[in-house]
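First chain written, first letter: the chains are A, B and C, and each begins at residue 1.
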Amino acid sequence: MRIQKVFGFFPFPTWQMDVDAVLGQRDYKEDDFNLAEACEKENFIETKASLSYWQDAWRRLKKNKVAMVSLVIVILLLLFAFVGPLFFEHDYTTQVRGDENIDPSWQYPFGTDNLGRDLLVRTMFGTRISLIVGIAASLIVLVIGSTYGAISGYFGGRVDDVMMRLVELIYAIPDILVVLLLSTALKPALTDWFNTSDSALAGALSILGPSLIAIFIAFGLLYWVGMARIIRGQVLMLKEQEYVTAAKALGASSSRVIKRHLLPNCIGQIIVTTCLQIPAAIFLESFLSFLGVGVSAPLTSLGSMASDAIGGMYTYTYRLMNPAAILSVLILSLNLFGDGLRDALDPRLKK
Amino acid sequence: MDNNMRDKKLLEVKDLRVSFFTPVGEVKAVGGISYDLNYGEVMGIVGESGSGKSVEAYSIMGLLQSPGKVVGGSITFDGEDVLAKTAKEMQDFRGNSVSMIFQNPMTCLNPVYTIGNQLIEAVRCHKKVSKAEARAKAIEMLELVGINNPERRMSQYPHEFSGGMRQRVMIAMGLICDPKMLIADEPTTALDVTIQAQIIELMKDIQKKTQMAIVFITHNLGVVAEICDRVSVMYAGKIVEQGSVEDIFYRPQHPYTLGLLRSMPRVDAEEYERLIPIEGTPVDMLNPPAGCPFGPRCEHCMKICLRVEPPSINVAEGHTSACWLLVDEAKKKEATPNE
Amino acid sequence: MIKFIAKRVAQALVVILLITCLTFLLMNLVPGGPFLSEKNPPPQVLAAMEAKYGLDKPVPVQLKNYIVHMVQGDFGVSLKMQKNRPVTTIIMEMFPVSAKVGVIALVGAVLIGVPIGCIAAYNRGNWIDSTLRVVTTLGVSIPGFVVATVLLIFLGSMWKLLPTMGLTSWQSYIMPCFSLAFYPMCYIGRLARSSMLDVINQEYIRTARAKGVPALSIVFKHALRNAFIPVLTYLGPLTAGILTGGFVVETVFNIPGLGRYFVQSIMNRDYPIIMGTTIFLAAFIVTMTLIVDILYKAVDPRIDLAKGGSK
């Protein structure tokens, strides 16, 4: 008998009484005790379709209401900044004589300043500049930081030691002081150069203004260290992961290992860090503009508009509040979206 | 403890059900298990990851955290209903009547306090003793678990101990209040094999000395054979077979138990004997299907196995198994091989 | 331990030196150099500066002279704003004002931020947690000058609840300190929350519960000490943030502190002041970071002394 052979021993003693009773009450189907077919077994198990990492992350992100609302707000602000001015005939520098110092009205929803410039258009333009500066600065950080971090992490050993020593040194330098120094120092020198030189480079850079150039230099010198550390950490950790060892054991070449295993797992961090770097950069730029070392005329950003409005802060309150409010909402939405992105891309639910 | 105690029931778990209410649905981690433990007895709970063995232990200790909840059944310890205890009573209960030690000794101790501090804390939160008395007791326990230079070790931090040593400290901490029962949740899984053997020896020694009851949770049948008196085999949140150690090893009555035994590498194996793994993947606990959870992976699976859950059938004194193969009708079918 | 301290002090000095050189070199980019940018100084002033810094000598020599004088506590004299007054005197006069506001803000940020984070972590998932999360995220998104000006306009000017200028009475401290503390408070709140959540899920907390340790003890003895470590690490950058945040707050509220003076000196191009203040503030930040690093060891015994710090 089959059962006996498998279980290896002989007859079973009597059953317990209540089990008998229970069994007696059961109605068995005709073929209940025939072996089940393989297809029946398969139907038994409901298998769910497995999602790829990105699909899973996108699904999680969509569920996050706060992040989705923030995304919508960011998109709206992008439209406001880049598409908005197209609806107006005048631009942010046009001065309409006779229309100075008008309070918000239908014609001028944000009012005008003391030179008769439409503040709504100026605010749109200021948002545009703030965004561009934020994104550009973040890109600088991204490129320098991830390259530095990846090299340091990948090679390890002494190379890593030396590179990280430098990072620690830079970390210790108070950044804002250096930015202030840079712009103070560069302003006269650069202004001279812009006025005297004829080259196209000088022309292009002069639009930015010396302070803004100083900000970008500062970003390139100082602010990439955070990103470098994160990427280095990721690479170091990923190098030791068992799936990397497994891949190598299966015969994968180094480049394949990097492309298919290390890099995709870094991209999540890169995206999140860059995404959170943008509001930080905007935050910093507004702070500096407020102090007068940010963008310079004729360019304007939300921070410098706020700075300009300080003088008439009690009488023309809206001139300060409007750019300040838009700035805050912009930074907040970017932060919330970045947070949501990070939650979605990190499979370990770390709320 | 005299032999009379050995026949008295210390722990009675009846039809315990535990579920986790997650955002994606109710995960029925434990679907109705029952077992008894006598004073001084060592019960092994065997199962793969996700079988629910740790969850039911946490329920006994009251360490279940949301979204987990006990949704049915009862736990009786020393005559008292554990599930009905208040928070304050549970805090008294834990570490005092029942202790628990965990799997990963590397992370189980608070890194910012000395182990002396943590041992003394274990005593003083249950017994009103002076610091000096507590310290003496702590040193005594460290000696018991085989740590040299206990006085010096008391003022050291966890990161200054190796994995095996930390597990010994954990055992010392578990025993320091003389509990009646110890729950060991895979205490040797994270350790090297040689250290594993040492820890098991230590636990056997201590068990003999103190006659403490132990619930030993593991997926390693070898360890079970070493230290346990009785064994419960769990699969997908249910106990599929239960009996003495001899019953389980020499007279297994459930295809899953048999599969586990067959898949173990043996020292006395023939040269080219292949290990026979259990086919298939573990059950999705979110939507457990009707019928026997082991069905799809079982080579003897019958149509009824996929329809109705098998009852627990008494095979011998103290030996039960939940399998349709053991039912009269199934044996009749086998007696008349017509297919 | 001594080795550790010595190593970190040496590191700090290197950084300060680096900043000094950087500052000096950058200022020299200005046409005419930092000491001569005011055209036509009176001859005796010129002679004095010549003697001190060797103005016709190459820049590295000038730098060396500057450092030598700096170490003796001499940062030169103000050239524009308070003519001929020693920079050191000015700094010593202005700094305590900033320090008062700054310390209050720092202490407030920690004392309010940490409990907020712990409460949010404890209430994880429910409305208290959500509200606190929104508020703290808001707090780290709104630039300091917005907070300061909003408070000033509404509480100061419109509803006339609090004084708007200077530091006359204790009420006049409320708005500036709050504006200064708001960002750090929210940042610490977020940090404390995530740190607390991390700690609560650690296995040693489960061990403590299994031992039967009372709940209060688990929170305050086991969890908080571990959760506080990341907050402590943040104290270094926090000091820097409070100092630089002070620039804006002092400007908006018209407080006669070093921050406002520094901003003015940038606009007026008073280079000795700019250099001196930068170096002074940088040195202060570096020192504070050093102290925090040393304190860190007292809290977390895992830090390897020989390696000189975690990271």
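Just so we're on the same page, contacts are C-beta pairs under 8 Å (C-beta built on N, C-alpha and C of every residue); 3 or more make two chains touch, one makes a residue touch a chain.
Keep in mind that what you see is a predicted model, and the values were worked out from it rather than measured.
When the interfaces A-C and B-C are ranked by C-beta pairs in contact, the top one is A-C. Ranked by how close its C-alpha mean sits to the mean of all protein C-alpha atoms, the top chain is A.
Farthest from chain B, judged by the mean position of CA atoms in each chain, is C.
Note: centroid distance chain A to chain B, computed from Cα atoms, is 45 Å.
Chain A and chain C have Cα centroids separated by 26 Å. Chain B and chain C have Cα centroids lying 54 Å from one another. If you check the complex, the residues on chain B that touch chain A are 251-253, 258, 283-284, 287, 289, 291, 295-296, 300-308, 311, 313-316, 324-335, 337, 339. By the touch criterion given at the top, residues 1-3, 6-9, 12-13, 15-16, 19, 22-23, 26, 28-29, 31-36, 40-42, 44-46, 48 of chain A touch chain B in their complex. On the chain B side of its complex with chain C, the touching residues are 61, 63, 87, 91-96, 99-100, 102, 104, 107-113, 121-122, 125-126, 157, 159, 170, 173. Of all residues in chain A, only 168-169, 172-174, 176-178, 180-182, 184-186, 188-189, 192, 279, 283, 286-287, 290-293, 303, 306-307, 310, 313-314, 317, 320-321, 324, 327-328, 331-332, 335-336, 339, 350-351 touch chain C in the complex they form.
For chain C in complex with chain A, the residues that touch the partner chain are 11-12, 14-15, 18-19, 22-23, 26-27, 29-31, 124, 137-138, 140-146, 149-150, 152-153, 157, 194, 197-198, 240, 243-244, 247-248, 251-252, 263, 266-267, 269, 274, 278, 281-282, 285-286, 289, 311.
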